[in-house]
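Have a look at this one.
As written, the chain order gives the labels A, B, C and D, with residue 1 at the start of each chain.
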Amino acid sequence: MQHNQPYQHADQHTDHHETIDAIIAPQEQLNILSKTEAAKLLDISQSGLYKLFRSCSLAVLNCGNSLDDGKELLERYPNFDIKVIQEERGIKLDIKGAPASVFVDGKMIRGVSEHLFAVLRDVIFASGDRRMADTRELANQDNQLSAEACTDAVFHMLRNARIIRPNIDPNIIVCWGGHSISVGEYDYSKKVGYELGLRGLDICTGCGPGAMKGPMKGATIGHAKQRLGQGRYIGITEPGIIAAEAPNPIVNELAIMPDIEKRLEAFVRAGHGIVVFPGGAGTAEEILYLLGILLHPDNANLPFPLVFTGPASSAAYFTQIDEFISSTLGAEAQSRYQIIIDDPETVARTMQQGIAEVRTFRKNTDDAYYFNWQLKIAPLFQQPFAPTHANMSKLALHKNQETHTLAANLRRAFSGIVAGNVKDEGIRAIERHGLFEICGESSIMQPVDELLQAFQDQGRMKLPGSTYKPCYKIIK
Amino acid sequence: MQHNQPYQHADQHTDHHETIDAIIAPQEQLNILSKTEAAKLLDISQSGLYKLFRSCSLAVLNCGNSLDDGKELLERYPNFDIKVIQEERGIKLDIKGAPASVFVDGKMIRGVSEHLFAVLRDVIFASGDRRMADTRELANQDNQLSAEACTDAVFHMLRNARIIRPNIDPNIIVCWGGHSISVGEYDYSKKVGYELGLRGLDICTGCGPGAMKGPMKGATIGHAKQRLGQGRYIGITEPGIIAAEAPNPIVNELAIMPDIEKRLEAFVRAGHGIVVFPGGAGTAEEILYLLGILLHPDNANLPFPLVFTGPASSAAYFTQIDEFISSTLGAEAQSRYQIIIDDPETVARTMQQGIAEVRTFRKNTDDAYYFNWQLKIAPLFQQPFAPTHANMSKLALHKNQETHTLAANLRRAFSGIVAGNVKDEGIRAIERHGLFEICGESSIMQPVDELLQAFQDQGRMKLPGSTYKPCYKIIK
Amino acid sequence: MQHNQPYQHADQHTDHHETIDAIIAPQEQLNILSKTEAAKLLDISQSGLYKLFRSCSLAVLNCGNSLDDGKELLERYPNFDIKVIQEERGIKLDIKGAPASVFVDGKMIRGVSEHLFAVLRDVIFASGDRRMADTRELANQDNQLSAEACTDAVFHMLRNARIIRPNIDPNIIVCWGGHSISVGEYDYSKKVGYELGLRGLDICTGCGPGAMKGPMKGATIGHAKQRLGQGRYIGITEPGIIAAEAPNPIVNELAIMPDIEKRLEAFVRAGHGIVVFPGGAGTAEEILYLLGILLHPDNANLPFPLVFTGPASSAAYFTQIDEFISSTLGAEAQSRYQIIIDDPETVARTMQQGIAEVRTFRKNTDDAYYFNWQLKIAPLFQQPFAPTHANMSKLALHKNQETHTLAANLRRAFSGIVAGNVKDEGIRAIERHGLFEICGESSIMQPVDELLQAFQDQGRMKLPGSTYKPCYKIIK
Amino acid sequence: MQHNQPYQHADQHTDHHETIDAIIAPQEQLNILSKTEAAKLLDISQSGLYKLFRSCSLAVLNCGNSLDDGKELLERYPNFDIKVIQEERGIKLDIKGAPASVFVDGKMIRGVSEHLFAVLRDVIFASGDRRMADTRELANQDNQLSAEACTDAVFHMLRNARIIRPNIDPNIIVCWGGHSISVGEYDYSKKVGYELGLRGLDICTGCGPGAMKGPMKGATIGHAKQRLGQGRYIGITEPGIIAAEAPNPIVNELAIMPDIEKRLEAFVRAGHGIVVFPGGAGTAEEILYLLGILLHPDNANLPFPLVFTGPASSAAYFTQIDEFISSTLGAEAQSRYQIIIDDPETVARTMQQGIAEVRTFRKNTDDAYYFNWQLKIAPLFQQPFAPTHANMSKLALHKNQETHTLAANLRRAFSGIVAGNVKDEGIRAIERHGLFEICGESSIMQPVDELLQAFQDQGRMKLPGSTYKPCYKIIK
């Protein structure tokens, strides 16, 4: 969210789409590739990894720029190319036509070059690991086997990325919220991050600007004051969203999950508590995902600290969210979160106390601190949802089902809207086939409609400066 | 400067002067004391160190609060006490009645507790080291021996504090400027710090808020993006100023020099270039100190990058400074600095290039990167200046002397005004004997008067909220 | 080899087969397991990993004791049990009935507990990795695909074990030689290790006592004097040999390869040069393996430093080896090694120079320093050889074939003899079916017979104290 | 003790007194010098430090050679020169004519170059520190002030050398014993070191070969097996003895105390327990020093683990020492030590238990773990003893004094003999004035005579190969 950034100077020249070529070497000793792996990255065929590696890399390299549309990005840098080179000391990346904004005096910002190697690592791992192949096959079978295999795949991706680690007390706060928020909301998210950082808590977000960046910046200052040199700023993304929400260079641990469902599962398995800032459709999707899971009867007694927060100016926003949840999912759903307005210190203290309960619970049940094995996630939340016009139109949006199942279907509705707004695939589908049609029981569709309308009115659907064109039509 | 801080929440309760007691242990393995040293710290007699240690410690503990008056601070926390305890694993500090604002949920911010141990280290070292005793004796002798001994004392203080270190390329940017600046100036100083940090440059300031804090915060983010985990945020202070300009907890290397002259010498010997932001009398003192030294004929060929910078809104301020220098010290003085308005990136690049020249020069002359041995500092700049009414009134402020000597005397005039404004000793002197009278040739006194008046008009003499009462009278 | 150990005190009580129970936690942050992985380790069925994990673990825990017979070991500690426990901070190992000799005052020697976690890591990885499954299937197909897959599998095992790492200049010296050697030979191997260590070279061996331990101990002292705190003592073993050659606790990087052929390939791909000390049938197997590979026409120009060395008292031994090679493989084979008697310093210098050539060669050909991709290894050297009576009797031991193929077959003959001497499976086969019969052209069988007889006469076939009963019969 | 070293190869060429020139840079960031300090090191006048720096440096560089005579060393390398050079990144040492044996392929062994910088550090510190000057002045005054100042000086030397450190549990075992011992005794000292190292204990000795080197080598292996990468091998020496007992390169913390008395005080203040191996006159001096202190009534309840140990072959030696102590100092002295023959494991366990008591005692009395402040050392043990013929002849060696005073005087007698044997000054005195005459009560002189005669008979007075010429005459 450029206009919120205090440091926009570095971005100026990117308006001309200036590019730079560079050879990048990894700083850490992480990356050596077999000949087969290197070949796959250069393989431009459908079975090869080149296309995926290139598009994720370009997204990472675009982090300084305001743009939330994957398709536009690919068109803006048509000459961008990235190749692995094998040398005697290890691999390097040969990059052509990269956005100039991630270079300082011709040298790539170290944080960004680390992100490129994270992309490399995850693209290779997802492709080479047997479990990923298994979950792809099993994705469409609605059974328990699939659920366990999905969780196992998430575990292996995160372990390989070293996001999950033993011997650390629970301290990961997931921050969700919009990438397009107001200056006041952004500054507030920094203050919350600062208070979290002062208490030794680490930050995990979905990458990108706005509410995903503010808490990390604040925590950086908080950690510096507490001399927590190893502060973690974890970004979890996936190929479909990374272009719109490129990881800020402060992110020092980046994981690219294979799809949106595994990304969401990664948040709730690796995080120990969640703070939700104001946001748009994506944030609503995340809230519905989380409430849907927490409403599953098996999770009734599982502690999971969840706070919705914003500055005084955002109070109305959360009232609206709260009412939407009340009228669709009901009081039980409301009991799983706490709304705190304009009080960063209380937010931080609430999370710290909540996490202490998580710690006790895991200790008592011998569950790992680093992975929330006990959280039950129903298959409906794990199976990739393809936001096609057909799938969108046949979502079961009525109250004649278990609440957590309704939450899952509502989540899919918002997921489709996010795709139609910012994902390459979704945008092209809308271009070809017109607006998504979403229909359901009016006691549900009415609140949905109002919420989406409010998001539009508040400018939460698109980056400022652009006019939002809805990608959906509500059929009540 | 509290109103500029994005994170003021932690400070709220300090309005009540809440206090906390605590036992603090050093985190690093730096501090073990002999029995004699420990005894000196507890010795409340004149020859003991207790009084000095207590007042500097309280200043450090007051960092979250807005207050720039040493005397007021001592009165506000009358019950504050600090004692060294010897235990089997090393020393600890037993603290009573400390300001609550440096504690997070009852635990002292780590950065602040490190500062306490830095105070301890420097108070002990200055007291125990033979050279310090020597320089105190020699302070009033205007000869070369004194000059060398002073420089040696500065060297030993800085080496003991590990501020100077071998094997590092020149990269320390000293940032000077006011502790009471506007929001716009503060934000600008953050941007400059960010661009410096992105280029791997470290920050050294005189501690305190405003222009001393902004660049460090900006550099913290810049360093984080470049993964420079060992970024250095050096604060150099002295017992007389520390109450008014308490080190921000981001400062991760703190040195308390014995007096203002050694503090200034520390900046120019350890720093590799200087950026001056807008400020008041203290900043003017620093500028005059530096120009006075650079104007010494022996330093004519010594590279020393010096940039004055601020946002567009501060352009007029620097025009005024420039004119003041022009009319008092002349064109040669003007040739030693560069004024850059509203362009953080150019400031950073200019410093980087300047430092490259410093590096080449030192390499070619076999001078140390970590200590500017070759810089000639005349004794007039080294001898402590006691800002008594007598000394203030007899300053030689005329053009019938070498320019660098005039600069030295002008520096002393501004130094006295700073003392009268914020130093415990100075404030008491004004209370007892009335305003300082400063007189001199009108071609000098006129610009001095105008500059001071402008500082007053712009609110640069005092923290916002308080009304400035001048401590001086200009006799033209 | 106990009688060579200066530190045998710790081993005394093991004569009673004392055992200790313990819970062991990993020191490093390496080991977290998925639920599936943990379950596999507890699975005692044929498809589970329990049996393999238990036997390798017991071998590791037996490192202080003299015993070179896998079968005997399993019988000696019938109550030994090892189980993975999942706790909130990560996994631990619950061990029952472990040999007391790896405990100091009731606490397991840290090096040994690290080895247990290395076993865990490699057993899990070999079981979970797709490539391992592939190579098992392809093992019996004599074609190029198999060769590449084998090499890929070796690469992945070594990368996962972090044996191969980027950004390190070539410096791994593989030391081969007998685990049952004389005091003089052992002391000599320490001196060679010391000279290698003084030159910053790291040591890689097949684990075990004698010539596998001496160089590591010497290098430890050499590294200490050079302050090389990160000295690497790499042990590469496999399930079939680990009981006989348990890793010494000095080994700080341990890899358990899936089979003997991958273990040998690991040595020649990861090592940069090889020193061979006196040994028995196992050492002869290794020499034949290496010469067979180096004799492949594709490797004719590949630099590969290879030195045979021992104290003056071992001169005759190497004369015999040299004559054996001369009469079976000929002068070209002889040209690939250098024999240096009683001169550790020259050995170290020769290796250093040889490695400098390796470095230049890899640099010029853009091959990795950490993995010898260019070395051509014919499938015959990669396919596991099952030392059955049938396979042993039909080995093609005649000169009517390419020299490198003859070397491969000779290698298999010696491999079978090693199995018959010390491997569980081999010992049981001999017990059931009588001696192996090895037949071939007399110009080859005559030197083979003489060499084996000499090994017997010199006590190189068994640990001292036991009488060697041959497991083979030579049919000329 | 060369003939005990397993690694003598490196020493061969030193028989020709080959020398090498080199420029040495410090590896750590410890050494930056002021201009004044650098000048003092180059100052060859009496007030300068050049002579002292040169002789200690040469001693350090001679570590690989067998020679225990300071005078001979200075004559052997007449062209040796060492100079500090100041460069932009810090200081370097320019060395001419250094013994070739500390170079490996032309590069100085890192451990040795570290020792040179330790010499530099301590020579500079002892010269610049006020306390050292004070203790030199006070040295001849037999009063309490002197005692405290001496202890303070020892503390400051050790703190500056970072030998004493906070936050570490007591674990420093001081090992005393001869530098000229038998192969069996040497190997035994390695085994003891190994068992100490396995238990995480660190080693401190007086540097040099034999019993000062063996425990360090053993502990190096023990630490390696326990992965204690930060194992400490502390050497404490002084200018008069360093030539005879050059620090082995394994020593990774070296302190050069100003004189023999401060060296001995350093052992008992910084060490937590002492193991005495067989030795000669120097070892007897150390035993008498320690028993004299422990016999002081103030120390009656102070725990101080002390073990005399050696292999079975040395049993008679310790019987003799025990009898000597019995007949001179009596049963109370005997109660302060334990004799353990041929059992390294029990030695290590005994020290570990003793240190646990030390820990409890310090904790209960709030005394520092890192410095034994409570140990009372009478001035007689602190005042430097000049081993002149006059001083030697008037030692009070009779039983008509407190036992701890008798021990002090006996200590001085043995100290003088050590000087006459190996110290430059002592050897020259003997050359000029003939043998020392030592006289006293026959009930004391008889055991002294027998002990010294036994040392001679057992070859414990000189390096093997040389014939011992006594430097004293006993007058009963």
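One rule holds for everything that comes next: contacts are C-beta pairs under 8 Å (C-beta built on N, C-alpha and C of every residue); 3 or more make two chains touch, one makes a residue touch a chain.
Model, not experiment: these values are computed from the prediction.
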item: Taking each chain's C-alpha mean as its centre, the one farthest from chain A; value: D
item: For chain C paired with chain D, centre-to-centre distance based on mean C-alpha positions, whole Å; value: 44
item: For chain A paired with chain D, centre-to-centre distance based on mean C-alpha positions, whole Å; value: 63
item: Length of the line joining the C-alpha centres of chain B and chain D, rounded to whole Å; value: 47
item: Per-residue multi-chain contacts in chain C, two or more chains; value: none
item: Category of the chain touch graph - line, ring, star, complete, other; value: ring
item: In contact (per the touch rule at the top): chain pairs; value: A-B, A-C, B-D, C-D
item: For the chain C and chain A complex, residues of the former touching the latter; value: 26, 29, 31-32, 34-36, 86-91, 128-130, 148, 152, 155-156, 159, 164-168, 359, 362-363, 366-371, 373
item: Complex contacts: residues of chain B adjacent to chain A; value: 6-7, 9-10, 27, 104-105, 109-112, 114, 187, 190-191, 194-195, 198-199, 217-218, 220-221, 224-229, 233, 249-250, 252, 344-345, 349, 352
